[in-house]
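Each structure below is given as structure tokens.
Both complexes below contain chain A, partnered by chain B and then by chain C.
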Partner chain A sequence: MSDQAMLEVEGLVAGYGTKKGFVRAVDGVSFRLGKGRFLGIAGESGCGKSTLAYAIMRLLRDNARIESGRILFKGEDLATLEPEAMNGRRWTDMAMVFQSAMSALNPVLSVGEQLTDAVHAHRKVSRPEAVDLAVEMLRLVDINADRLKSYPHQLSGGMKQRVMIAMALILKPDLLIMDEPTTALDVVVQRSIIEKIDDLRKELGFSVIFITHDLSLLVEISDELAIMYAGRICEYGRSRELFDCPEHPYTEGLMNSFPTLSGPIVRMGGIDGHAPDLLSPPPGCRFAPRCPRAEADCSRVEPELRDLGDGRLCACPLGGRARRGGTR
Partner chain B sequence: MNGGYALELRSVRKHFPLRGLMARGRFVHAMDDIGFSLGAGESLALVGESGSGKTTTASVIARLYEHDSGSVVVDGEEIAAFRSRAEALRYRKKVQLIFQDPFGSLNPTHTIRQILERPILIHGLAKGKDELEARLREILEQVGLSPAGEYLRRFPHELSGGQRQRVNIARGFAVEPEIILADEPTSMLDVSIRMGVMNMMLDLKERRGVSYLYITHDLAGARYMCSRIAVMYAGMIMEIGPTDEVIQGAVHPYVRLLKAASPSPESGLARTRVAAKGEIPSLIDPPSGCRFHPRCPYATGGCSAAVPALRDIGGGHLVRCVLA
Partner chain C sequence: MLLFTLFVALSLNFFLPRLMPGDPARALLAKMDAIQPEQLESIRAAFGLDTKDPLALQYWHYLANTFSGNLGVSFSRFPMPVAQVMRIAVPWTLGLMGLCTIISFILGTLIGVFAAWRRETKLASFSVGFFSFVRSFPYFWLGLVFVYFFSFRLRVFPIGGAYSVDATRGSGSWWLSVLRHGALPALTICVTSMGAWMLTMRNNMINVLAEDYITVALAKGLPLRRIKSLYAAKNAILPSVTGFAMSLGFVVGGGLVTEMVFSYPGVGYMLFQAVNAKDYPLMQAIFLFIATAVLIANFLADIAIMFLDPRVRDGAK
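So, the complex of A and B:
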């Protein structure tokens, strides 16, 4: 992990109030994000990864709340910050790019108006200054300045997502949270956007939290990787190493779940069963019912996220004990 | 099969007319000069980005649309508009389509039993109750839903996405078709579930000897599932051939771009910088000549003049590029 923490999440519990009770979609999540680092959070639908992002941004819906835990952003706890103060942090210090770029832009405002609106809302600048900033940002994401006058429907899906990224970065935030930003896009467009984010991060020095279900993508692009399952982080580590040598059986199963473009074509396993209902999660390890290596104790004792050394954390008692060969 | 193909398309074209006053006489060029063959028991992947025409191709083969020109030959018989219900039934007994969306393609008010027995009854494939029951159980077991009796009672909303897609696939196989058209059958499933469904489809193919036309946007998934691959771009096939010849030995600049852009954790981002430019063109006024030429780094003057032919470069590997 790197020197100085941009964001430190400690024991975060967040979820949704429902008729059947409180669903702990994020159940005791802790991690640390260094300055300028790229953290990937991977998990399947319903694992709580989006709730985590919305909780950090304090953008949870009305029926959702942060139950406990701390979100330290540059030393300040966002979890208990007053809404007004939070407004001052959002966009200037931390920004978010949403999955549905198609619907996140206002259809009746031009791209230029939307970009400058964001600037005016948070900074006291003159109109020409705001326009200059908008042009500069569009240039950074490879969109011609004459697109300022375009409306969202005149842009392709990839361009809309670029505009969203330009808009998120226009006030030069320190943290950019991206929730499945490329899921609706085609591979080639996805690739160009990811390369762009990587370039911008190196140029502007912000930290990134990139959330997706597409693990094969994350392994390539992120420095560190957190694997979430049923509201918890089950493994954390440097992405390359996590891919080469997963310690948690769930991570191992995931890494064995996507075919590759090269090498021999071998039958891959995937993972049997399906994710648990978070209203009544299974006792002990939440992955135990699906785990090929589960022992009797696994469904009794809740495993801790243990430090295995060398930046690797794993919530499985088997982690680190038995280094397994032939993971892929 | 008389040594012929289960399915053959020859220069099939499908254009959709645009509606509205201003759009009169303009068309969406969804399929142009699409030709390929699928042997009995073979699997061919149709790979492309959205708007490449791959789903239209499946829909034309499934007779959801009539093609404008060219021919679609199934089992040695050229297909045209159905003249009778009997003819339609006969065709659908041979060719079945599996849809992408496991949530929208099952009737929520029907039990799994009702969903699965309907095609068997319509096609008269079971004599008597016992045989029907046996068939239902067999197909459910084969798609990995057991105990079958338990699932037959349930409604779609009681199943997970992966289980629903298994029911969808079971329904496709229930009439014992010769050809399965699978339109992105796993793209809406979670990663950990996806592999199980793909493996199950591979097993079913082995067991039942069907032919697959497997439609996907995922090059690696296509490689896992199929022995041959056709890559489509903007309504045309750009490259087709044995899987690894097309992937490892990609010739067409678009296929090489697609390959470089596909996530591949073995390599890492730094190595695979692709500097991809542009996006798939509008199919309303597709580029003249080669449809990829506006984005192609190797394009020359001739590329915008004429549509290159799909040429055989040996071993059943065909490429639509003048440079090939």
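So, the complex of A and C:
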């Protein structure tokens, strides 16, 4: 990890107020992201990964809120920033690409208007300058300039998502958060989008937080990986190493749930049971009820996120043992 | 398509009154005393009711006359031509009903936008409750209540009519009397119809606010005014526009009961009188007018939607 942390999340707790109480969808998450780095966050549905992304952008709405913790962006705490100041940060410092390529664009505004309104909101530029910028960004994502006049319904799903990426990068943000940006797309388009993001990152030098439930997508392009379970990070490490040698039983289970894009064909596994109810999470390790290697202590003692060295963190007392044993 | 629909409307307009029982000449004469049989015949001749032409030929004449602007002579206001009767009534209805429909649509929609955008505020919740309550009043009932209190009891507004007969037409005091006469019917219409626009817009808007593109707009850090108008309201208003055009079309005849309550000399009141007097030419002219108005309003709605929604624009190409 780079010494110069651009984003530092410390003990973040965020979630949703319900009639039965506050659901801690993100329950004490901490991580650091260096400049130009690519962090993948993976986990199953409901593990809090999207809430984490929305919390960083301060986009939690209605009954959702940040309960505690700090989100230090270039040393400034976003969690307590005034709404107006935060609005100024959005898109200039950090931009976001959303899961639903199909519905993320306003159907009654042209692509050009939606690209340039972000520019006009944050920079004092003339109309032609904004349009030039929009054309340049579209070119970056391989879309012809005459598409500026198009409306969202005239574009394919893959094109919409590329327009969204162009839109996210138009103000050259330092951080790009991508919340399952390829989930709604077919596999071939997924691949091209991910390669595009990787190229652009190398060209423009922004950092990426890439959220997905599909680990196999992340291995090849992310620098670091964080695995989330039930609102917490259960394992963190360098992408390749973590993938080759997972320490946490949950990471292992997650990997067995997806086919790799390359490599030998193996029998698929899965994880039995369901993610826990976050209103009343199980005592001890939250994964214990589903863990194939759970021991008696696991349901009593809450595991810490231990540093195993080499930048690897693991929230399982068994971590490190497996590493020496070299399973998988 | 528009012309075909108009033709169908015209034809129905011709045949339907002829299916009604009763003899217009006798109905007319029943109002007068001591009429001789020969006079009855001459009145029939004057009204063109003595024709021996087959129905098909009458139909042809009707179509030809209608297209040349000849709507016939009113039975009940003989010998005034129908076109002239209409010219007197239509401005009152357009002025009162048309203006009220437009005002209540604009106000209702704006309040709906506010009630959705600031839905956590007390004022927004109150406006929802208030308009749901007010909307459920039957408008003629509200009209009667207003007439009773403001005209009969408090005597602050005239009890009926559209203008003061004492003032010279077109003078300042005449216009003032027009406003005073129009105030109660206008209030009735606006109060009872605004609620529907407000609640429709609020519901549409709340649905639209949950859309992903609103979250994207927020993430982009756009000015909230732009998000409210171009991202939320522009999408939310689309279903309302069609409804608005429909109601504009029905403005022409839809004010019937209101105009009756306030004895307002508009098209609705006149239709009521025409039906009572079996004044076929006038009835036909009014129905024709309503049908045409609905058609034109729908046509305008299609154009407006095409202007607002690029998806419809593409479908029309």
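Just so we're on the same page, the second predicted complex is superposed on the first by the 311 of 328 C-alpha atoms of A that agree within 3 Å, B and C clash if a C-alpha of one lies under 4 Å from a C-alpha of the other, contacts with A are read in each partner's own complex, and residues count from 1 in each chain.
To be clear about the criterion, a residue touches a chain if its C-beta (ideal position, glycine included) is under 8 Å from a C-beta of that chain, and two chains touch if they have at least 3 such contacts.
In this text the structure is predicted, and so the values were computed from the model without any measurement.
Touch counts on chain A: comparing chain C and chain B, the chain ahead is B.
Looking at the shared chain after the overlay, A:Leu279 reaches neither chain B nor chain C. By the touch criterion defined above, A:Ala85 reaches neither chain B nor chain C.
In the superposed model, A:Ala145 makes contact with neither chain B nor chain C.
By the touch criterion defined above, A:Leu59 lies against chain C but remains apart from chain B after alignment on the C-alpha atoms of chain A. No residue of chain A touches both chain B in one complex and chain C in the other. By the touch criterion stated above, chain A contacts chain B in their complex at residues 44-45, 156-158, 186-192, 194-195, 198, 213-217, 219-221, 240, 243, 253-254, 256-263, 265, 267-272, 274-275. Interface of chain B with chain A (complex): residues 49-50, 160, 162-163, 190-196, 198-199, 217, 219-221, 223-224, 247-248, 257-269, 272-277, 279-280.
Residues 57, 59, 61, 87-92, 95-96, 98, 100, 103-110, 117-118, 121-122, 151, 153-154, 164, 167 of chain A are the ones touching chain C in the complex. Contact residues of chain C toward chain A in the complex are 211-213, 215-223, 226, 230-231, 234-235, 238, 308-311, 314.
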